[in-house]
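A short worksheet on the structure shown next.
Chain naming follows the written order as A, B and C, and within any one chain the residues start at number 1.
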Amino acid sequence: MAQVSLNNIRKVYPNGVEAVTPSSFHIQDGEFVVLVGPSGCGKSTLLRMIAGLEDITDGTLKIGEREVNDTDPAHRDIAMVFQNYALYPHMTVRKNIAYGLKNRKTPADEIARKVAEASALLNLDEYLDRKPSQLSGGQRQRVAMGRAIVRDPALFLFDEPLSNLDAKLRNQMRIEIKALQRRLGVTSIYVTHDQVEAMTMADRIIVMNAGKIEQIGTPEEVYHRPASTFVASFMGAPPMNLLSAQARDGSVHYGDTVVTGCNGTEGQVTLGIRPEDILPDDNGPLAIHVDIIEELGAHRLLHGSIGDDRLTMHVGKDTPVSTGPVSVSVKPGAASLFHHQTGQRL
Amino acid sequence: MKRAGFTTTWLPILLLLPQLSIIAIFFYWPAAHALHSSFYLQDPFGFGSTFVGLDNYSDLLGNTEYRRIAWFTVIFTVLVTFLSLSLALLLAVKADKVIRGARSYRTLLMWVYAVAPPVAGFIGLIMFNQSWGPLTRLIESFGHEFLLGVNYNDTAFAMVLVSVWKQVPVNFIFFLSGLQSIPKSVREAALIDNPSASGRFWDVIFPLLAPTGFFLLIINITYALFDTFGVVDTLVKGEPGNNPMTLVYKVYVDGFRGNDLGGSSAQSVVLMVLVLALTVFQFRLVERRIHYT
Amino acid sequence: MSDTTPAALAPAATAGTRKRRRIRASDIFDHAVLIAGSALMLIPLLMVFQMATVPDVEVIKTGPTFTIGDQLDDNFNKAMFQASGFSGENTGSRMLLNSFILGIGFAVGKIVIGMMAAYAIVYFRLRFATLAFWVIFTTLLLPLEVRILPSYEVVQKLGMLNTYQGLIIPLIASATATFFFRQYFRSIPEELVEAARIDGAGPVKFFIDILVPLSRTMIAAMFIIMFVYGWNQYLWPTMITTEEDMFTLVRGIKQITQVMEGNRIPEYGRANLLAIIAIIPPVFVVIFFQSWFVKGLMESDK
């Protein structure tokens, strides 16, 4: 178990592309951190630099108290779970799990004990003598986990480990991985492009875009106080509604309507409101023209337009809805304001 | 190179060393040597050599016998390639269609792949034996006296026949596997769109086989040019005389038996250029192959 | 199909009767073409075999017939243990041994050297990897036949005439196996080497523990292709081996034909049987390891 700190870590490929701009953060002992962002945002590169599979161009990386920039992956005291699991196809499950220990010259009886522990923990006992090709996707996933945990590493790295599973299994494995991490208390870094995984699993989320860290915060902070319009639209499904509005005299106006208060900002701003913060209100100041209703069982999504903007709102299953004009109000204090050009939170 | 390759430097050098030294000694050195000696006239008794520039080449092109052999090689190559490709395609299409016995047919039609060309030539000698060869007799019944090794055309016929016999299996295997890799859904779509079986073959199956066919074309030309050496050598019983022969056989006869090293080297260089041209042609076809995949 | 349940049998039976009713002329034609093709492939060999079972005198009189004679043992003894040449060392068994040495030596040498080179090119960050690649792959362009004489001279200069290494090593000087393994290694997911590195496997360990076992099928496929290729070599052995105890069966075929041309009664039985012995091992390998063979052929000839 260890802390991890990155100090101005940067990656430039030989062809001159800067995949990761200088990035710094610090991960506490036992913390579960999720790196999330769209594909190509540099999150995997960052993870691979932490693993030692990719050279670090600039900056320093510490795992525990040790600077590991030039340390071999095998000596960084880490374990990694890959997207396609990377199980050795010609080895049995038992050998797959034991291979890393064997290479560390662990005594045979200790290997046997650790494999038994891991397999009990992951319900793999009856599959130990099978080859990976004889396992289902979920079972392979567990073997990959087993291979990681037998090593008692200081740090777990996960590279989109659930993206090859179907939706149902994904939800289940999400909970299993989270529970396992809680139980073992091992510092973990988890890369995903799925914002639901990020929200549900993370102690802290790091949102990345175009090689740059957009925001670091708890799931709650990231969701409710997004640092930029990018985070606002990337996190949450459906995304935050972004409207163009005017700030003057201490309040924000959308058209002629005052939506919320503000301090010290004047001129054009981007107004962000979560779909569930728009409330149906017969006396509400805004009128939305609803044209599509998405029925989701537990709740409904209403899609409509207001002026020239499109808008989505989220209502409970007991709220009566219909297409056509609906009057709404905005939940007090729930709106976010962003700079209309840079997209940064104001 | 893999993204996360190992960074050790001494190990890959050690790993490459055997391969690199073997090809340096047994490939680049001889190839350079051939090029070099093609510009020299070797003394037949081994007492040095004189630089003669392009003389060996101009001698070669001016030589009627060489031109005749080159012309024979072209006809031989065209015949062997065309016949073995079309026969193999016919057999592969049928083998792909039948359900019963498909595996046995496949085995029966491909084992000849493993027969060495000179052994195939030997079998040819038996078949065309002057006094009792079954094929000699068969041709006799049509009123022609078949004289292997004596009559130029008869010998050429035997060479083509044996070479085709030996080459059909390779083409068959490739065509069959090409046919089997055509998706079932495409065949079913064709079945709905086109009621005629031969129409479906020429409109859908044949174009999809074209990449395999182009590739095999090169393989077959190379085979007819080089690998038939054993067939030719056995069928002429090691006595070229006035018999037909291919360019490669001529290189061997002149260089190894006639001791005309310069001339033989010039011939080697001509063949190298030929092969390089074929390879360039092949690379251009490979690009076309990709379109289908 | 006797132990199928009635439920499973019913649809199968109807399908069967439907098929039986619909035997069409085209089906018969298809089978006729295939049978004719198979026969053309097989009959010459059967004739050669038949002639190896009857006395040579009979062959001279009638050529191939439909009777199987009783001379097989005799001819086999002559073929395997009697020499025809001057030195008396090119018995069939000796040539068979040489053929195996050439076939196996060539296949093993080619695979070992090719795998090593391909591993170096694919899995290492090497500055001159591209250069090495081109130096090696240029060899694919020129077959041994076009540089046969200078190659002979090189072998002569190195004093390797009439040796197994002189026979085998120059044949290895082409990159087919290297190219084949390079393609295969590139198709192996990269995460595997990454996982192995995290598991503490260095380059040597990764090669032995993971890459080689993973390539087993590919190695088998390559071995079959290369064994047949090596076994069937003719031109090179003809030039390099002049001493009869170094002859391979395929190299010796010329001697066999000359036996037939001799002044005495041509030894057809012996010659035919030697030809069959030269055919059997490679044909056996191709037929019994058919799926590997086809796989190897498809992958290696690209």
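Everything that follows uses one rule, which is that a contact is a pair of C-beta atoms (placed from the backbone, for glycine too) under 8 Å apart; a residue touches a chain by one contact, two chains touch by 3 or more.
As the structure is a prediction and not an experimental result, all values here were calculated from the model.
Q: Kindly work out which chain lies most centrally, taking the average of its C-alpha atoms as its position.
A: Closest chain centre to the overall C-alpha centroid: C.
Q: What chain pair has the highest count of contacting C-beta pairs?
A: Chain pair with the maximum contact count: B-C.
Q: Taking mean CA positions as centres, which chain lies farthest from subunit A?
A: B
Q: Go ahead and note the Å separation of the Cα centroids belonging to subunit B and subunit C.
A: About 17 Å, centre to centre.
Q: How many Å are there between the centre of subunit A and the centre of subunit B, using C-alpha atoms for each centre?
A: 59
Q: Measuring from the mean C-alpha position of subunit A to the mean C-alpha position of subunit C, what distance in angstrom results?
A: Their C-alpha centroids are separated by 56 Å.
Q: Counting only residues that touch at least two other chains, what does the list for subunit A look like?
A: Within subunit A, the residues that touch at least two other chains are 53.
Q: Could you check subunit B for residues that touch two or more other chains and list them?
A: Touching at least two other chains: 3-4.
Q: Please list all residues of subunit C that touch 2 or more other chains.
A: 194, 197
Q: Could you pull out which subunit C residues touch subunit A in their complex?
A: 189, 191-192, 194-201, 205, 209-210, 213-214, 216
Q: Residues of subunit C touching subunit B in their complex?
A: The contact residues of subunit C facing subunit B are 26-27, 30-31, 33-34, 37-38, 40-42, 44-45, 47-48, 51, 59-64, 113-114, 116-117, 119-126, 129, 132, 135-136, 139-143, 145-155, 158, 169-170, 172-175, 178, 186, 190, 193-194, 197, 202-204, 206, 228, 231-235, 238-239, 250, 253-254, 256-258, 260-261, 271-272, 275, 278-279, 282-283, 285-287, 290, 294, 297-298, 301-302.
Q: For the complex, give me every residue of subunit A touching subunit C.
A: Contacts found on subunit A: 51-53, 72-75, 78-80, 82-90, 99-100, 103-104, 147.
Q: For a test of understanding, state which residues of subunit B touch subunit C in their complex under the given definition.
A: 1-9, 11-13, 15-16, 18-20, 22-23, 25-27, 29-31, 33-34, 37, 87, 90-91, 94-95, 97-98, 101, 105-119, 121-123, 125-127, 129, 131-134, 137, 165, 168-170, 173-174, 177, 197, 215, 219, 222, 226, 229-230, 233-234, 237-238, 248, 251-252, 255-256, 261, 264-265, 268, 271-272, 275-276, 279
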